[in-house]
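There are two complexes below, and they share chain A, which is joined by chain B in the first and by chain C in the second.
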Partner chain A sequence: MSEAVKVSDVGKRYGSFELQGIDFSVRQGFITGLIGPNGSGKSTLIRMMMQMVRPDSGSIELFGHRLAGESAQLRERIGYVSDENYFYDHLTIKRMKKILSPFYGSWDEEKFRGYLERFELSENKKIKELSKGMKMKFSLAVALSHSADLLIMDEPTAGLDPVFRRELLDLLTEEIQDDTRSILFSSHITNDLDRIADYIVFVNKGRLVFDETKDDVLERHVLVKGGKELLDDDVRGLFTGIRETDVGFEGLVSDRAAAQRAFGDLALLERPSLEEIVYFTSKGAAAYV
Partner chain B sequence: MSNIAYLIRKDILLVYRYMLVLIPLLGYMAFLQTGGFMYYAVLPSAMMLITACTLEIQPANQRFIASLPVSRRRIVLARYASVLPYTLIGIALGLMMKIVAELLGQPISAVHWQESVAVLGINLLLASVFLPLYYWLGPKGMQAVRLAFIVLVIVGSTTFGYLLKDSLTMQRWINDGVWRAAPGLLIAMLSIVLLLILSLLLSWRLYERRDV
Partner chain C sequence: MNILISNSSGEPIYAQIVAQIRQSIIQGELEAGAALPSIRQLAKNLQISVITTKRAYEELEREGLIDSMVGKGSFVSGINREFIREQRLKALEAKLAEAAEESRALQIGRDELLHMLSMIYEGEES
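This part shows the complex of A and B:
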């Protein structure tokens, strides 16, 4: 399987925060979800792929080319959606498009106009007059209008209403249909990724937790619920994260078979959602209600 | 068109509205006879460079530039190259202000081609100092530097304009023609080119290392 992006042993230090030994891939023809709590390093990893941030160690390959020095032309094959508005606020959509379209050899004006119409964006409107959701729509229209082989989207659904969030997910599913395009989608709203992602890359506190297919992740993990009498030090050691109350507990175990052996029918074993996996992994053993 | 030309075009599209505000101010100054050709030409061209940089000082806008399929070296090179079109625009505005001043019955002294060369020299000098500071300081210290440069442009171009009018050396350069002034001119040009190259290398180094 070919890889649109290959991140190998990447590290970066910012004051007290450190990304360390990150390895993962964005497989061609698939949607990869990059998840993790706020401040876990998702945006830094994305900015490294865009060569906005240089890694202190390790390497990144885009379409089989190692990013080093002058790899700017590779960005022509990337449609990038930032987590913030990075366009010039005082310009209209029309003028902003006039500024950026010449940089992309495969810019498709008809397609761009089609997206403006679909997203109900007026090209005479100034960017500062757009709502957060509309700015995101404009950003998407730009990213999708130059036949990019890879879409890199940093928190694209943050701040969007549920209707457009659903529309966006449908749109991305449409875009991935031809099997040549790849999508990297970072989000802390894991429900979106539950719906569309093929692979999940989970980063927590600057470390890679896993890079697996979504089905494997959901299959491997198990949410255990039971009474407090079941917990002792050995059993607690099984949990990736646990939330205890006065009457019972619920916790995540990353090895379903081990959980089944330990609890049998004594506890309730459920398939967790991605949100629960992120929650319990981030909290670890610290949660007590 | 190369990416450098597109980057310069971007800057002109970004700043032209801000420059429209300057025109009535320059017209008013022409009426009051508070400036000469040098002032009318240097002020708008230098302001275009400073404004274009200021508009991109915010991290989000810097990310926009960095997301384009253009190398960082070319992005920096475009900033330096933009001095040429800005100077041409400045000279055109300077000539326009001369006409305005004459129409208002306040003629300013004749414009010599040497003054246009001096406008280019001043703008290149300014860019050579300003741009490495811009790439070095980023958003943090740039507000103060920008203000200092605006004052420098206003004071410097006015002083240079007076010097050009009143200094004997300058008058000799203007009156004697280019050949007799050639050695001095050559030294000045070589110094500016050398400074420009050093400044460009420094800006490349600073911007290539920077995380945006």
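This part shows the complex of A and C:
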């Protein structure tokens, strides 16, 4: 399988924050979700792919080319959507587009107009008059209008209402219909875009937790709920993360079969959501540090 | 063909797809040679992962219900009518075995069981 992005053993240090030994791929033709709590290193990893930050160690490959120095050609093949506003506030959408479009050899004006209409954006509006969600839509329209091979979206659902978030799912699945394009999005809210994600890369506190298909992740984890009398030190050791209260406990076990052997019918075993996996994994790590 | 995915059922999504396509084939709604949507199209329609739809189609292939050809897509296979009949016969035998076992447990004799069965069979016929 070909890889749009390959991150190998990447490290980066910023003061007390450290990314360490990060390995993962964005596979061609698939949607990959980069998830983790705030401050886990997601945005830094994305900035590295965009060549805005250089790793201290390890390497990053885009479309099979190792990143070294500036490479505008590689960047042109990426559509980038960020929650940070990198447009000029005082310009209208029309003027801003005029500045941006010449950077892309394959700019498709018709497609861009189609998106403006679909997103109900008026090209005479000034950037500063746009709401957060509208800025995100404009950013998305630009990213989708130059036949990018890879779409990278940093927290794309921030500021979008639920109606448009659903619409975004349709837009993105349309983009990968021909199986040559790839999508990477980062998010700390995992319950909307993860519907369509094929692979999940989970980072926590600067470390990689896993890079797996979403189906495998959801199948191998199990949420266990039961009475406190079931817990002893051995049993606690099974959990990735656990929350104990006066009336029982709930916790995440990353090996479903082991949980079934240990608890049988004594506890409730449920399928966790990705959000629960993120919650208990980051909580558990904090408890053991 | 309709495929409806339940998020509240504990059944994995791929298994729900397999069950519903299998049912459409059994009921004759999908005939031999009928084209199924591509895995990407189906994933888009259901707003789910491509890997999930791929896994469902692989499972249907293993059961011999569909054939997939590279570059052409997936089709309902030709042998399935007989195959499905065989599967259903097996399921029927299993149910009968269960009924026989239950009868023995309740000390109901063979003749009595056959009598009960023929009453039920005829009752449903008329």
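Throughout what follows, the second predicted complex is superposed on the first by the 283 of 289 C-alpha atoms of A that agree within 3 Å, B and C clash if a C-alpha of one lies under 4 Å from a C-alpha of the other, contacts with A are read in each partner's own complex, and residues count from 1 in each chain.
Operating definition for what follows: contacts are C-beta pairs under 8 Å (C-beta built on N, C-alpha and C of every residue); 3 or more make two chains touch, one makes a residue touch a chain.
Bear in mind the structure is a predicted one, so any value in this text is a computation, not a measurement.
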| item | value |
| --- | --- |
| Combined model on chain A where chain B meets chain C, clash or fit | fit |
| Partner chain(s) touched by A:A197 [first = chain B, second = chain C, both, neither] | second |
| Touched partner set for A:L100, first chain B, second chain C, both or neither | first |
| Broader residue contact with chain A after superposition on the shared chain, chain B or chain C | B |
| Where the C-alpha centre of chain A sits as vertex, the angle toward chain B and chain C in the overlay (nearest 10 degrees) | 150 |
| Touching partner for A:Q51 - first (chain B), second (chain C), both, neither | first |
| Which superposed partner A:D179 touches (first chain B, second chain C, both, neither) | second |
| Touched partner set for A:Y80, first chain B, second chain C, both or neither | first |
| First (chain B), second (chain C), both or neither touched by A:A72 | first |
| Which superposed partner A:Y88 touches (first chain B, second chain C, both, neither) | first |
| Chain B versus chain C as contact partner of A:D170, first or second or both or neither | second |
| Closest approach of chain C to chain B (Cα atoms, Å) | 29 |
| Contact set on chain A toward chain B in their complex | 47, 50-54, 70, 72-76, 80, 82, 84-88, 90-91, 95, 98-100, 102-104 |
| Residues of chain C touching chain A in the complex | 10, 12, 14, 40-41, 43-44, 47-52, 55 |
| Interfacial residue positions of chain A with respect to chain C in the complex | 29-31, 166, 169-170, 173-174, 176-177, 179, 195-199, 213-215, 219, 270-271 |
| Chain A-facing residues of chain B, complex | 1, 3, 6, 9-10, 13-14, 17, 55, 60-61, 63-64, 66-74, 209, 211-212 |
